[in-house]
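Each of the next two complexes has chain A plus one other chain: chain B in the first, chain C in the second.
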Partner chain A sequence: MQHSLKDDYANCVKNYTNQFKDNSFRKLACNDFKSWPGPREETWRLSRLGTLSRKKIKPITPNLQKTINGKSKHIGSKIIKFVDGAYRGDLSSEMPLGVNLSSLNDSESLEYLQKLKKSNLNHHPSTNVSLSCTPSIMKLTVKKNIKVKDFFEIIYEGGEESQSVHPVLYVELEENSSLYLIERFNHFSTLAMPLQLTEIRNKASLNSIKIFNDNKETYNLSAHCVHLSEESNLNSFSLIKGGMFTRSETHAYLNGCGSKLSLNGIYISGNNQHHDLTTAIYHDVPDCISKQIVRGVLGGKSTGVFQGKVRVAQDAQRTDGQQMSRAILISENANANAKPELEIYADDVICAHGATVGELDDDQLFYLNSRGVPMDKAREILIKAFLEDMINQSVDNSLHDFVFKEAELALSSIIIKETL
Partner chain B sequence: MVATQETIDKVKEVSSSYKYGFVTELEAEKAPLGLSEDIVKFISNKKKEPKWLLDWRLKAYKKWLTMDEPNWAMVNFPKIDFQDIYYYSAPKTKPKLNSLDEVDPELLKTYEKLGIPIKEQEVLAGVAVDYVFDSVSVATTFREKLADEGIIFCPISEAVQNHPDLVKKYIGSVIPIGDNYYAALNSAVFTDGSFVYVPKGVKCPMELSTYFRINEQNSGQFERTLIIVEDNSYVSYLEGCTAPQRDENQLHAAVVELVAMDDAEIKYSTVQNWYPGDKDGKGGIYNFVTKRGNCLGKRSKIAWTQVETGSAITWKYPSCVLRGDNSVGEFYSVAVANNSQQADTGTKMIHIGKNTKSTIISKGISAGKAQNTYRGQVQIQKNAKASRNFTQCDSLLIGDRCGAHTVPYINQHTPSARVEHEATTSKISEDQLFYCLQRGLDTEQATSLIVNGFCKEVMKELPMEFAVEAQKLIGISLEGSVG
Partner chain C sequence: MSLLEIKNAHLKLDNKNILNGVSLSVNKGEVHAIMGPNGSGKSTLSYMLAGRDGYELEDGEILLDGKSLSEMEADERARSGLFLAFQYPVELPGVGGMSFLREAVNSRRKFLGEKELDHLAFVKEARKEASKMFVKDEMLKRAVNVGFSGGEKKRFEILQMSMLKPKVSILDETDSGLDVDALKIVSDGVNSQRNKENAIVVITHYQRLLDYIVPDFVHILSDGVIIKSGGPELALEVEKNGYSGLINAA
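Entry: the complex of A and B
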């Protein structure tokens, strides 16, 4: 029974793809999606899609008239909106000089597909399904030597129950350019499969913040592939708090000497939420640095997963790769899983990872308590400090308050529940 | 000319890369090639086993037929043809032996070549050695002294005859027949192994030790070890291996089961030095072992210590199931992989009882073209309140063609427990090396010294006799990896 329903979504995707007559890239992508990855597949073992595979879902046909009443105000000064997975020029800001936003034509789309097929995201369901069903692939380009001052904010929203949305984005930072990008996922659909390819050229620099705050019934399977060229820099931070099941999977390829990557993340989970932060960092050339700090707070009956792989190729001498993950369980029924993984083929490297799972430190709680802070308050202070310390490190000062507030909102709901 | 012959011999001796590579000429009694239900029956019949054990074997065999070979480990090797293996071979000289004098002198010579003069060991070390020579134990010493204490230490085939109740109760209780592919295979065709039973309140007066040797060409060894330690008792068990050099790959799929009752303690130490294959990875032994200890009783303790230097491929995860409240599991491991060796090894700590504690210290050393993987799981189940785990895995890389990988899994289902994991990867620092060279050591000695320092935390857990041997082994294993 389950098997036939699994095929059901694959069939829906196939049928949906048929309406695009000439797009060869869609056919190629569609052929590679047969069914959902099963629990025997190593990277999906801890995040199982059984429940999703039994749901009746089909790809959405975007409503280009739809407007959504924003549930929170914008933080960026340039807005790019995707509704139902389709780019909406009428709801987005005009691009400043040196920045270009346009959709890819057929041959460019095919090239996009090939780039993803060469990465380890080639079997990710979002790669194949979203490329089959996306209205169009949007490309955001920052021209050579342009340092964009404005904060760019991309908002993904819309979607309907029992449908899946497929926004696909291509971000290219040309040489010596820079950009600050904030992405917010506020989908309403049962399934969202955002796909992104980012290429950061020589000496370019990207700061990125992602906030996953989809509707409480939503499954979000985000896939992101990043390429870093010589002396480029990516400073990325993700906050996962919404949705029923959110998995953010990022694969970063350091293929230019002297590139630097920071891939930080926080997940705050309560109720029955399942949050998964999966990353893979590939050091393919010498003298690159990658740092990763991940923190999670888990309440209710939630499950948190961190899977972080660091692979250092034979030629990637003098690599510095550091990874640290910590999870705090604040409820009896919460679960934490971690799988930090080092795969090292070069000898002149400094690589380390650490992972801890536990509850709040008794000594710290006692210290606060003995100074007259009530237990509930003490717990709250410690959890907030646990997260704030990290937000400080990864987010621009002017955005700190905004990000911290977003985290606080999610925290307050789970902390209150736990102390009652 | 005599001198020429001598020279040839000398050159041969010097050039053979594996010191223990020799084949003892001994007639062996073999089962027909391949595996089938009849072979299982043949083995059982040969051992004059009771019906229940034959049924158990057949059940395992049927289970095995339905299973797939695991492929998740980071090791590559040509597919094993399970029909191209002899599942039973025993030295023909099998009559009961009353003393060592009755043992085949050929055999005794082999032991001597291995550097363990049996008589000396008997007297000096105070170790009771249960020699396993190609699947059948031929000499057991110190049995009487142990018997005085009520300790049973004998080949498992003998235990099946003399203590069937104990064997029936515990065999397969820690590692069920369908646990994994190789465990199922072992359950179906295991030939021999050791059986240890320590009754209540007895502290075993000596270290128990077994020397395994793989001898007959193409005979996979399927050892089965079962150790049961009752309330308030203690045993330390040593296991060490060397094997003759040969071309064809040999399969070794052992199963080791430990059971510790209330306040019992088991210390299980292994030094493994099987033939690792030549420099290009030709030949060498496949070591696919399932080892698991069950801390059944309250405050029980199981400690695994292993030094792995041999085998072409190692696939081994000695685990602890911490079922009793306040039980303790420990895992100390040094894995050295040189040339084309591949090792995927680690541990599992399954915390079930309250207040359980586990420590994992793993040191991996890769040289040449070797791949060394630590794979470990720490699982804290819902009722394992206030449990603790600490894991440390360090990897050392020697040369730029090798790989060191760390794959830990942490699954935690209770908030009051704490799990910590840390891992580092680095190479021998130029400064350390320079310091040693400056003081007159050559590069190889210096490397051996530094590597032994790196492994010190694990080495100090080994019993004395083993520690010395292990230290030498690590030096030998790394020969040719630097300079």
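Entry: the complex of A and C
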């Protein structure tokens, strides 16, 4: 019985693809999605999709007239909107000189698929389902030598109950270009499966902020593949706070010498939320740096998962890889799992990792109390400090306040719940 | 009525008797010194007074200005006017010194029914007090106690005391880890706050500090009881003969 229900979504996906004429890449992707990954698959063991697999869901047919009446809080001066997973030029800004946004044609889409198939996201459900069902793959290109001053903000919204949305994005930073990119996930659908491929060419630099803040019933299974070329730089920060179940999975390939990666994240979880930050960093060439700081605050009956793989290939000498994860449980029923995984095949490397899960520090609480600060306030101060400390270290100065405010909003709702 | 009254305080930690009947009366305007060898229970006494979790009295009573403290949590005791300068001040990564001070001061003001200070007024006041303690602006921008030297930590403790204007201050080994210059700054800071309305309890292992902060009374704590009380001359006796002579005589 359960089996046939599971196949149900796969069938819906298959039927859905029939409507497209350009379906060479869709067919290939679709054939690779038979069912949801089960708990026996190692990377899904801590984030199980049993409940999702029992839901009746089908891919959405985007409503191209739909506008969202929510309060917009743009911080970027260039907006790119996806509604129901479809790019909406009518709701997006014009691209400035040196930046291009367009959809991929058939053969380009096939190439896109092949790149993902060569990565370790080849089996990810979002790779296969979203490539089957996306309205089109959108490509954002920053041309050679262009340093974009404006903040770009991509807003993903829309979606309906019992439906899934499939925005697919390709970001390419050509040589020596740079971009600030903010992405906000505000879906209303039962399921969102954003897929992204990012290629950062030689000496290019990307500053990326992602804010996962989907509706409280939403499952978000984001998949992101990143390639870094010589002396390129990615500073990436994800804040996971919304949704019922959010898993942000990123695979970053350092395949150009001298490239630098920061792959940082915070999750703030309450109620029955399940938040998962899964990352894999592949050092395939010498002289690259990767830094990763992950912090979580968990209240209610929430669960947090951090899975961080770092693989250093035999040739990747003089790699510097640092990973540090800490989770603070502010309720007895919350739960955090950290699974660092280091595979090091080179001998001349500096790699360090540490993972802790704990509660707020009693000495620190007492110190604040002894200064007259009430317990609730003391807890709040320490939790905020725990995150602010990290945001200061890992987010570009110009975006501190914005990111911290976003975190603060989520915190206040889970802290209030814990102290009632 | 005494400002601080400790009556027959008994306390166990880990099922071990640590305080075994401490009694002490401190009146307005007085400075008391509690001296004792390491492990005699000095810090335990100060944590007990400040209301740390796990340091509840087994037996006995403590009163601040006539009000029993036993039922009050640490934060309420502090807002009521009790202050503890820590022997080992705690690091608070991510909590800026200035906002920490402001949080503390405004908690106390709210309790006293005074208006909370606005940001500018507060910063002005804090800078004024800080300069008296030779605490630089730059230090107030840093996270509380993170990367502070021993002397900086103690100066920051006394700065907090001067901002909070407590009724009773307990200074737990404020002299430890200080060189002579720092000791002088810290002592001057404490002395400038002595007045007819408040009281100070100085806890120390060594007599040295009492040359700078001259107490009205000295008490010797040993194995969780006060075995002898007297005037400043008692501290000199400790200096000359050590604790063992006094303890053996008791």
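The working rule: the second predicted complex is superposed on the first by the 417 of 420 C-alpha atoms of A that agree within 3 Å, B and C clash if a C-alpha of one lies under 4 Å from a C-alpha of the other, contacts with A are read in each partner's own complex, and residues count from 1 in each chain.
We adopt the following convention: a contact is a pair of C-beta atoms (placed from the backbone, for glycine too) under 8 Å apart; a residue touches a chain by one contact, two chains touch by 3 or more.
The shown structure was predicted, so the numbers you read here are calculated from the model rather than taken from an experiment.
Look at A:Asn122: by the touch rule set out above, it reaches neither chain B nor chain C. By the touch criterion defined above, A:Asp389 reaches chain C but does not reach chain B. In the superposition on chain A, contact of A:Ile330 is made with chain B only, not with chain C.
More chain A residues lie in contact with B than with the other chain of the pair chain B and chain C. Contacts of A:Lys377 after superposition on the shared chain: chain C is touched, whereas chain B is not.
With both structures placed on the common chain, the touch criterion links A:Asn18 to neither chain B nor chain C. In the superposed pair of complexes, A:Thr51 makes contact with neither chain B nor chain C.
Chain C contributes residues 50-53, 73-75, 78-79, 83-84, 86, 89-95, 100, 103-104, 107-108, 111, 143, 160, 164 to its touches with chain A in the complex. Residue ranges on chain A touching chain B, taken from their complex, read 42, 314, 317, 327, 329-332, 334-359. Of all the residues in chain B, the ones that touch chain A in their complex are 72, 380, 395, 397-427. Taken together, the chain A residues at the contact with chain C in this complex read 362-364, 366-375, 377-378, 381-382, 384-389, 392.
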